[in-house]
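What follows is a set of structures for review.
First chain A sits with chain B, and in the next complex the same chain sits with chain C.
Let's look at the complex of A and B:
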């Protein structure tokens, strides 16, 4: 392996990993607050991949405005799902399995509906950049990947600032360790949960747009969210930062293995290594244990 | 100031409170004592809006206080929950900031923060630490400090002495008295009856969802029934 090859794969991997990082954070932020694996995240992602196609072909063809509209719509779709589907379960204080099964059901309904309606068609996003690649010396980089990476970095930075510096952000983080007590401080817990879904929806919207733009839009595009879930698990559930790091590491590893041994064997190797990693370090990269003293 | 009238609370089919009534005057420390399961926490959780009563009234300055928890906080009634409920996932400083969630003005938040730090200098020192890293006594101080951040008129405390070393308990109770001297009205729920009664202006004794005795703190302490049941036989 020469240096250029490795650098090239790292570059590709970081862009790809950025998308996994967005997925991991979108998935993780809901897991933190409601403690269930939210597969409906993939449903929002799928819907947004189609919305992104529609907006960029029929409304605005510039990438940024089309992305912003898609992301915001993704946020609202997630809030709608929360209010219609998850809130009733929460109010009735059902076990976590209900959330989990419901979220899978939502994912299936969306997947099957889109398959039935538009499964036969091909939806290519419009060309959003004039020249597709740019080069640094020996390295060739896809411009769209660079753009995705920059947007991912900005979004994650913005989210970090929101979660650390605003009262609402602090309330979201507080509610992820105790969802009962914030109300005593005057926090509207229902609103905080809706807000969390809105954030997750925005992230699903961005991911859906990115995946739609770089892959083909299919009803099964939401399944790509699995990599994000894996990143969230490797990162240590409960740690959004860990999910981001794991997402990027996963992207790099995947790029290198794909380039070395081919795309068909890669998933097997990746899943096997995750298996081993979790045996060695079940709490993930940055998983911490908290104790509340009596 | 605060008045509870014929409050009935049920969980599923079980009645937790059978129509209790109590009063809290401005500037007082009032305590509710009684054994585990007597309905003390249910009473305090009803006042803070965390439990919805089936019937009865809760009045603050003659206006109903049966509403959402955040509106109750807005009206200056704030609860320090049983077991502190410190958020381990955020820092000590952030725990305090969350206490000022309803306060929009940054300046006022700063002012409250300074005040809380002056009561509890240790919290300033530990500001950047995770809430879960504090000792039990420090967590109780943080829980009280967090509640004070919204500048309440009435502080509700649910078992503040639970699980703390006797010396720390003493410190916490002295602090409550100081806060009371500064004008804070306090409703205290305690299993540690002797301690609670010694600082209370008035007290209620609860048993299985009913108030079975009430009176001035020191008088209740001398009540033979209360003495036998909650304070241990001899002094």
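Let's look at the complex of A and C:
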């Protein structure tokens, strides 16, 4: 392996890993508050990949406005899901398994609906967003990857400031450590949970758009969120920062293995390594172990 | 002036009656103590007043308004704040953010202003930060502002929780065993602290406590509970001599 090869794969891997990081954070932020694995995140991601395609082909073809509209719509879709599906379970104080199973069901419904309606067609995003590369010496980078990387960095930075500095961000973090005490500090927990879903939905919207742009839009695009879940687990459930680091590491590892061994074997190796990781270090990068989860 | 009126409230858990026909009237600017053996229903009463649990029957009035149907966050915003028997600080937030959570509903900016991080949001957050710092200084916690609560000594955690309950300028404060787990010196300091704050802010305080010296020293009135029912009510010196109270605490042979 020469140096250029590794650098090239790291560059590719970082932008891919950034997308996994966004997924991991969107998944993790819900897990932190409600303590269940939210597979419906993949459903929002799928819907947004289609929305992003529709908007960028029919409404605005510039990347940034199309992305912003998709992301905001993703936020609202997630809030709608929360109010229609998850809130009733929460009000009835059902066990966590109910949330978990329901979220998988939502994912399946979306996947099957899109398969039935548009499963036969391909939806490539407008070409102008795809081509164009820049080179740094020997290294060749797709401009779109650089763009994705920059947007990912800005979004994650913005989210960090939001969670650290603002009252609603602080309330989200408080609700992540204690489910009912924040109400006794005057925090409207229902609102905070909706807000968390809104943020997760925005992240799902961005991820859906990016994945749709990188690959082709299919009903099964939501399955790519598995990488995000893996990143969240490697990062240590409950730690958003850990998820980001793990997401990027996963992206780099994947790029290197794909380039060395081939694309078909890579997922098998990645998934196998998860088994090993969970055996060796179940607490993930951040080192926190959660007792309750579904 | 009457702050809180609890009108014959009851709470059943399955077949167990945790609180039975309990009533109380709490005026402003006084401290009331609720005492009783373990399992007498003291914390349940706090949970019913603060809205953590729903009543089985009865009514709760705050400042003359019926708040029986209000959720706990609404009651807090009206001016009832509380602490917890086993401290419930947010251990993933640092000390100053624990205060900011409580102060959140007092700050006036909405969701959309926050999303665009408007100048107003930054200005308000700066004010909140300074206010929270002044509170920490007041409670002698300023040098721990960036610590996580679970790294503080137990007594400091209690003090932080007390500060968090007071920062919103409540009308009524419920203190659930404020002296639990403290050493004699810390209890002594706590007595001073509660008396000082109560006087300064003309607060109305209800506290549940096992530490008799503290209760007798700072409470104007005392309620005694046994098996979910009030068995006595009065001034500290009356309670000290009450037959029923002695029986509940010491058993039938007395």
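By our rule, the second predicted complex is superposed on the first by the 284 of 294 C-alpha atoms of A that agree within 3 Å, B and C clash if a C-alpha of one lies under 4 Å from a C-alpha of the other, contacts with A are read in each partner's own complex, and residues count from 1 in each chain.
We adopt the following convention: a residue touches a chain if its C-beta (ideal position, glycine included) is under 8 Å from a C-beta of that chain, and two chains touch if they have at least 3 such contacts.
These numbers were taken from a predicted model, which means no experiment stands behind them.
Looking at the shared chain after the overlay, A:182 reaches both chain B and chain C.
In the superposed model, A:195 makes contact with chain C only, not with chain B. By the touch criterion stated above, A:117 is placed in contact with neither chain B nor chain C. Common to the chain B and chain C interfaces on chain A are residues 167, 170-171, 173-174, 176-178, 180-188.
By the touch rule above, chain A contacts chain C in their complex via residues 161-162, 165-168, 170-171, 173-174, 176-178, 180-189, 195. For chain A in complex with chain B, the touching residues are 167, 170-171, 173-174, 176-178, 180-188, 238, 290-294.
Across the complex, chain A is touched by residues 48-50, 68-70, 73-74, 78-79, 81, 83-90, 94-95, 97-102, 130, 132, 134-136, 139, 146-147, 150, 162-163 of chain B. Residues 50-52, 71-73, 76-77, 81-82, 84, 88, 90-93, 97-98, 100-105, 107, 109, 111, 114, 117, 121, 125, 128, 164, 168 of chain C touch chain A in their complex.
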